[in-house]
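So that we are looking at the same thing, I have put the structure below in structure tokens.
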Amino acid sequence: MKKKYVYELLLKVRDYECDLQGVVNNSNYQRYMEHTRHEFLESLGENFGRMHDKGVDAFVSRVDIQFETSLRSGDSFLSCLNVSKVGPKLVFDQDIYRVGDQVLAARGQVEIVVVENGKLTREEYFDEVLKKLE
Amino acid sequence: MKKKYVYELLLKVRDYECDLQGVVNNSNYQRYMEHTRHEFLESLGENFGRMHDKGVDAFVSRVDIQFETSLRSGDSFLSCLNVSKVGPKLVFDQDIYRVGDQVLAARGQVEIVVVENGKLTREEYFDEVLKKLE
Amino acid sequence: MKKKYVYELLLKVRDYECDLQGVVNNSNYQRYMEHTRHEFLESLGENFGRMHDKGVDAFVSRVDIQFETSLRSGDSFLSCLNVSKVGPKLVFDQDIYRVGDQVLAARGQVEIVVVENGKLTREEYFDEVLKKLE
Amino acid sequence: MKKKYVYELLLKVRDYECDLQGVVNNSNYQRYMEHTRHEFLESLGENFGRMHDKGVDAFVSRVDIQFETSLRSGDSFLSCLNVSKVGPKLVFDQDIYRVGDQVLAARGQVEIVVVENGKLTREEYFDEVLKKLE
């Protein structure tokens, strides 16, 4: 049932990410999604830390995550994304699937704005980067 | 501009919560909101860990957070919530304000389902707890 | 059995800090200790983020923590510290006690070096700050 | 200069692990080391979460970490370990090297005790597991 994505990253649950309920704490899915976006960026030749040093910062303006099936100790998962431009924003659709049975663990939509030397840009910075996707 | 809330918790940024952009990493707002819900629960005489030991678990089914103003090292903030029942779900409206100028840092809506001994309940467990709010 | 300390900070366990064993994950004691040092610094009129902006960074060179009693959901604790200069290093003795029965949860020794604009200092920066302790 | 280890795990810095100093926050090395021990355990056919469900818990009794070179955004690293029995404890020697130049980032010694159904064991549980190393 997995869709097609422009980028997929294989990760594994780390036990310190599980909480007293014995499942991955919800806040970590947001972290998984951040790491996936940054690895996607690296796959396009850019690095988040270097961008910051150049005065370009991508900020999350909204995150909307639906939690479907809890990941647990020992689980591997595939963290997938698609990206589109909606006005001045980059919108990432990010789904996380448990490896093995491909059950959907979480689906998220994350909106990003880009700030260059302190002022909002219209994402021209990423136009250049995303061109490599075409 | 702050609204009225049934529960407010005063917290302070911890520096390890800030990332290389020099601001609180987004995933931590979700953690602040979780901690606020659990402290709210304690204010009503219940504890999340004890609930788990009794076989009652509250799971987050959806989180929708809009990030308005970044918190930074040294900032204190007020983490506020209201709660309502929508069908079988508890819906928490959670706003975070920077202390000093009361600027809104983040606003979130968090949906909770309650599972008792492995099966979804219609929140009867919380009816009892929330009655104390009236 | 609690010793005398130059600084004490009252904190409470956050449930996302507990892991699947139902107790606070060990790495969080290191975070508690960091936050305590930084709050101690603020009590002396300095802020870690502002220091970084001025080109002064305190780096941890060594951390040695003994874990005595696990903290759990609902526990409050007192995070205490003493500090001394040992050669070019600041050495913090940091003990964490559970509130209520004053049981020792963890004791740590943390060594700090200070780097000013990229080069190691002999802590002159902190001499000024620590003078306020006398 | 890298020594020989019984287990090595390749990992990459995640940007949310970096703090406002632009380097990996110290507490995360402790997390890297925990994850490495648990992956080592999996390589021997055991899982930390499953152990807990069986009533066997490994607790860290002491951690001693020396920080040598800060890891940064974009860095990959090799997290390595050796293990020995010292009396009733398991002692892990854990070194972390930056990939590329093999610079030592951190070296740690982590002591573990094993508790079976609430009482300290003499590690018989791990004797069985570690036998596979020979």
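Residue numbering begins at 1 within each chain, and the chains themselves are lettered A, B, C and D in the order written.
Note that a contact is a pair of C-beta atoms (placed from the backbone, for glycine too) under 8 Å apart; a residue touches a chain by one contact, two chains touch by 3 or more.
The shown structure was predicted, so the numbers you read here are calculated from the model rather than taken from an experiment.
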By C-beta contact count, A-B versus B-D, the higher one is A-B
Maximum distance between Cα centroids and subunit B occurs for chain D
Note: subunit D sits from subunit B at a C-alpha centroid distance in Å of 33
Chain-centre distance (mean CA atoms) for subunit B and subunit C, in whole Å, is 27
Per the C-alpha means, the centres of subunit A and subunit B lie apart by a whole-Å value of 23
Residue ranges of subunit D touching at least 2 other chains are 15-16, 18, 20, 22, 25, 27, 31, 34, 48-49, 52, 73
Note: in the complex, subunit C contacts subunit B through residues 12, 14-16, 18, 22, 31, 34-35, 38-39, 42, 47-50, 52, 72-74
In the complex, subunit A touches subunit B at residues 20-21, 25-28, 30-31, 34, 48-49, 52, 57, 59-67, 70
Given the complex, residues on subunit C that touch subunit A span 15-16, 18-20, 22, 25, 27, 73
